[in-house]
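Just so it is clear, A, B, C, D and E label the chains in written order, and each chain counts residues from 1 on its own.
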Amino acid sequence: MDLQTKLRQEARKLLEEKLVDVVIGYEDEGAPLRTTPCFITDPQDVDRLVWNPFCDHNLARYLTARKDKAAVVAKGCDTRAIVVLINENQIERKNVNILGMPCGGIVDRKKIYNHLKNGDVREAVLKDKVITVKGLEFTADLMVDDFLADCCLSCRHRNPVLCDVQIGENLPPLDVKDEYKKIKQLEESTSEERWEYFRKTLSKCIRCYACREACPLCYCQQCFTDQNFPAWVGKTTDISDTIVFHIMRAFHTTGRCVDCGACERSCPNNVDIRMLTKKIAKDVKELFGDEAGLQLEEKAPLSFYNEDDPQDFIK
Amino acid sequence: MQEQPENWEPRIIAFLCSWCSYAGADLAGVSRRRYSPNVRIVKVPCSGRVNPFYIVKSLQQGCDGVLVSGCHPGECHYSNGNYYARRRFAILKRLLEYIGLEEGRVHFSWVSASEGDKFAKVVNEVTETVRKLGPATRLVKHSPVDGVVN
Amino acid sequence: MRTTPRILSSEKIMKTIKKDKINTVLDFLIKKYQVFGPVQKDDLVVDFGRIQNGAQACLEFSNTNEPAKKLFFPQAETLFSYTGSDAAQVSELKPEKPRIIFGMRPCDAKSLSLLDAVFDGPDYKDPYYIVKRKNTTIFTLACRRPRSNCFCDSLGIGPFSKKDTDVFMADLGDRYVFEPITPGGADILNKIPGLENARPTDAERLKNLRSEAESKVARKVDLDNLPEKLARIFDHPFWDGIHQKCLGCGICTYLCPTCHCFDIVDEQKDDKGRRIRIWDSCSYPTFTLEASGHNPRATGKERMRQRLMHKFRYFVENYGEIACVGCGRCINHCPVGSDLIREIENINNLK
Amino acid sequence: MKNAASKYWRIPLDADRVKTPKGKIHILKERCKGCGFCIEYCPRDVLEFSDEFNEKAYHPPRVKDEKLCLCCHLCELVCPEYAIWSTEEKDEELHHP
Amino acid sequence: MAPRIGVYVCHCGGNISEVVDIQKVMESLEGPVDVVQIKDHEHICSEVGQKLILNDIKENKLDRVVIAACSPQFQGITFMKTMEHAGLSPYVLEMANIREQCSWPHYDYPQEATKKAIDLTKMSLAKARLDIPLEKKVIPIGKRVLIIGGGIAGIQAALDLGDAGFQVYLVEKDPSIGGKMAQLSKTFPTEDCAACILSPKMADVPNNPNIKLMTSTEVKDISGYIGNYQVTVTRKALYVDPDKCTCCDKCVEACPVTVPNEYDEGLTTRKAIYLPSPIAVPHSYILDDKTCLGLFPLACSKCKEVCEPNAIDYDVYPTEEKFTVDTIIVATGFDIYDARQKRVYGLGKYENVFNALEMERMLAYAGEGKPLKDIGNRIAFIQCVGSRDEQVEHEYCSRVCCMYATKLACLLNRERPGKEIYIFYTDLRAYGKGFEEYYKRAQSEGIKYIRGRVAEILEDPKTKKLTLRAEDTLSRKIIESEFNTVVLSVGLIPNEGTRHVAGLLGLSRSQDGFLKEAHLKFRPVDTLIEGVFLAGTVQGPKDIPDSVAQAGAASSRAISLMNKGVYEAEPITAQIDESICIGCGMCADVCAYKAIEITVVDAHTGKKTAVVNEFLCKGCGTCAATCRSGAADVIGVSDHQISKMIEVM
């Protein structure tokens, strides 16, 4: 029995036995190469739930606003985000029923459109590991594994870190080769080159804050961007303000970011946001040995310290 | 060496914790210990009080250098403010230098109330390092953006 | 609605030019005008940018990521700056060199007329917008290949619409054809060297291309008496479900050619400062946050409802037209895949 | 007991003026079952296992340092076989611990 | 309405005006509409200066004052008092440090110093504009004080406070109070016997109804704040009931165990059950379960068998006691330097080398008329052992060694004339009252003072005699001579009790390891923790008169706080904006004082946010810097104020 059917079965059981008020999952509304989050409350509707490599949203994002009992379809990175949210008192463990999905990686739509030179895909059919895309003047068969998202290529937690029910067997760990290759390349270049790189990619930002809204960890009632007296960061697309917004948002994910890639996927102008969050995750690992969202009751690195923390940079 | 406009002097802001480093600075003054006059000191209760935005905002305002100084680990008047600050600055310094801020713009030090000499040495050293880098350009927020799309 | 001066049919002489010579047209225009056109920013993103030489323009594109509105109502704009506490010194708005926007799609052109209604309406004249609008001549480029989420003809625009532009262009395959629509457009067109008069067969060819393009517009939406339907369902439970997946990220409003809401903030240092107008979005909670802390649109439900109500009902009541041009940007770029057309269909199906 | 590291490393100067009881230890090797209670519980750590065997092949205890014994009789009390006891030697000559 | 700020630029009698161009500073401050008045003054901190401020505040209706002068940590309190006299909150005063940070360190760059002075004053102005007229927070405060350490300083403080009607808890780790002074023979410079002058004071302690004496007791934990210190102490089990014990001493005879007696620095022996010292207060025997042959299992019990009044009970266990006090005086005293670390002097190797405290005990030893040890006729004292010595990281002078060596020399000399006593010193420190005269008298009595550091001591294995080699820097000769006994004048170092208490209270320590006073000149017995004071050698080496004086000072400081009945706490504390806080709990995690808790603030919606306990919060601001959404801030040092100060750059 394939995972999708098993997922629907579990969801129907939860709803029928009134264990949860809603099942948050993914639904296919017919748009090519993508699914959309859905909120199933009626057991009959569980057949709308799908499970395929296009289920890319981090559904933990929807848990912070809810007061009711919710079941959520969660990949490895999503469950890590849920652990962080529980540790930060944003959701209660008893209010969330986690349907853990071992995940082989999700497809990055932008990579496909890149490959197709931004061709207009009108239809996409997935048949075990092969996507057949059709446009008005072209068709093509694409292998799922060739278009996985960057964060999935270096994923160390393909299996749920925490779940009530796990749908499907654990996947073998991915042998991740040089997880921080891009970051290291940038680190080795000169500061002028790095500045030019970030000035260029961040000048595309139009301050729409989609990256902030897509991220499950950005649940603040009022973000520092909306703060007045003092207003720390300007609201225009002046390059200095945009850079300050992005480095400070990234700074606020220190030791919390689970690298689910939701921020980069939601950006309309393809800003390389993960180049910042991934760098901080690398530093946190090197300096403090921490990884985000692995245990409950785990303290975030910046609200914890050791007597012998590294301080070679301090005179 | 960056070519600098003539008679340019680095402008450096320093956040000193009031119990140790600020007292150290006072001691440097009391013992007439000469050090370069490029630093403007802002007194904060503890190095743990220094919000990352203070450093970023200083750089945006055009400060050529930023120094944050607090009590030595173990001597913090509030017992662990400097420990949290140490972690915060470790991440922030690497991030700033990663996005292209020149190394040597942002400095951190531990100066206790009895280390007047060390404070003077740190200020001189920071001033010379910043002088070599020339005036701040990156992250500096320039005059208003005009209407036309860049 | 603004009446744009139309040319008498007799002066409508169509001009054409070889496709590979299009750069010379641009180079000529660049000498006397500030020319803006679609520029390839990276492999997926094409956006309007200042063109310094003809080669920079990329006319083989579907549509720009950000709408042409940003050339008239930019993301951030200094209204005036002030020093000390005395009277503010308004940065007087002298129009710079006249501008040409080359290669705008008909849907964006239509959106400008909707923005005109707002920024250049009977009761409110926005000087910043008007000075840019008057200083700009528009060359629209017909849409040979509408994308899967385009539905411009449901709004009565269509890929080959000739409305709201100064010069209509179309790609005949080997040549570009130019058709002046307004006297301004005609003046400029006549000055461009190297243009030959269109061949008799071109008009016929143009008509075929037009119907072919219109057939490619895949999606339709039934908009008639949508405003009345919306008026009736303000408290309908339909709204409880529709907003749940919306992240409130504001992309659909930032990239929508017709959205024109803005926020005004000051940036001040010591006694010098400036007042800035920046884009804002009804999907942000802070959009309606009041000083008391009360927020009339506290949850995503009210905010999502407001977006649809404003575009398809309030705007119609105020300006007589629906505030949508069917460009499909909000559908293409929504991170969670919510689809405007499907939402309108759901509304139509409500009892 | 004094160890070199402690603050009071010196042998007290008036040690010879203080009389302390001196115990003599008697062991019936054959009765011993090698349980080791006396060795373990002796507060002055006077006894240790000897390497020789008694008939039942147990190791009876052996006196490490007779001078340490203060004749507190604890070994007597804990020995299940009454195989060990101490008697107080009259103080013909003084010794210090 | 707009603030009305008064600015005062001080000349500091030339200290500032000789470098900083005062006129230029004042001119450059003109402009902002809310700076209503700019004045300069020769000594703004003087009586006249303060009157000027007072009048200006009244006449010009100032509501904020900026003073560009010395460091706020120098004259800050003076000006805060002036503000209070003028009816303004002391927290709308800002000081620009244009002396210690401008004129003094940059006296050879006058232009830059002036520019810097202008910037610093503008920064103070920027902060002053956003100052809030805070009022001190008021906490009710009782009359209960905890004194840690029962040496002469602790005793004196307890008696002062007890006599003044305050409830005193005197906690002493050892079985008896008296501390190091009780171990001395005589005291300099008057040579009156230590026990004779100390015993009556020690006796007064249990007799004073307001003093609760707790010996053999250690402080386990202290939490809370001034007016509400929750103290937990653990009392050792002593196994002897003081009321029943008749001090007949039979148990001591019966006890088989002999261990070095701490009271005599290990020179004499004591039994496991013993009387701590002849002048012990409380005067009762105790059983030391560490050296007893064993109570679990009961090994010996000879003492119980001979105790007729049946005062010994083995079934007693350490107890824990909790109580609340309003102020605390730390008087945990000192330890002597373990001279064995100075290999070259041979303490622990050579038989006839002693440290000064051991010599004190030998002199005081009165057992059966026979001295503990025949110390012979030629005695040498070596000064500065473990003090003024960078090798052992004790650069400080222990202040008392020169005088106690002189005293010991005089006593030994007088005991049996004909002795030759040498004192090898580097600088003879006879600074106190009557010290110089005593030093002169000692020389006249034949004590020979040699100005030279002893390089090495060698022992003749057979005769156990000691040959000293030293260079007499006055006569330029190398002296090598033989002595029967050498006494090392050991310095004073911080003890384990000081480290333990400093950890409990979060007290900082100065470079020499002793506890750091709030301000060396102005607040020598205060600490930076409100309501916690220091007395005696815990704050640094000193002699008995100074310790007693400090005990009196600490008591009066505590009384001055407790007498008011209320304590005004610093209002500069953290503040959480509940409308923004999302209850993530990071601020609570980082708060060293556990002053923030995540609590439900709206029972209806169950919304949880952080809530600050104003009395616990010390205003360090770590929570404000950790808070991501900017909900946490510090009143008085707010993000907005600092942001405005940065904008001056």
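Throughout what follows, a residue touches a chain if its C-beta (ideal position, glycine included) is under 8 Å from a C-beta of that chain, and two chains touch if they have at least 3 such contacts.
On a predicted model such as this, the values are computed, not experimentally measured, just so you know.
Taking the CA centroid of subunit D as reference, the farthest chain centroid is that of C. Put simply, the chain nearest the middle, going by average C-alpha positions, is B.
Contact tally for A-E versus A-C: the pair with more C-beta pairs in contact is A-C.
Taking each chain's centre as the mean of its C-alpha atoms, subunit C lies 103 Å from subunit D. For the pair subunit B and subunit C, the distance between C-alpha centroids works out to 47 Å.
Subunit C and subunit E have Cα centroids lying 75 Å from one another. A straight line joining the Cα centres of subunit B and subunit D is 69 Å long. Looking at subunit A, one finds that residues 222, 224, 230, 232, 234, 236-238, 302-304 touch two or more other chains. The multi-chain contact residues of subunit E, meaning those touching 2 or more other chains, are 579, 590, 626, 639, 643, 647-648. Across the assembly, subunit D contributes no residue that touches 2 or more other chains. Of all residues in subunit B, those touching subunit E in their complex are 9, 11, 13, 18-19, 22-23, 25-26, 28-30, 32-35, 37-38, 40-46, 48-54, 57-58, 61-63, 71, 75, 77-81, 84-85, 88, 112, 114, 120. In the complex of the two chains, the subunit D residues touching subunit E come out as 1-2, 7-10, 12-15, 17-18, 20-21, 41, 43-44, 70-74, 78, 96-97.
Within the complex formed with subunit E, the residues of subunit C that make contact are 85, 269-271, 293. Interface of subunit A with subunit C (complex): residues 29, 31-32, 34-39, 57, 61-62, 110, 113-114, 117-118, 120-122, 136, 204, 206-210, 212-214, 222, 226, 231, 234-238, 262, 265-266, 268-270. Interface of subunit E with subunit D (complex): residues 256-262, 264-269, 293-294, 297, 299-300, 302, 338, 340, 348, 358, 362, 367-368, 372-373.
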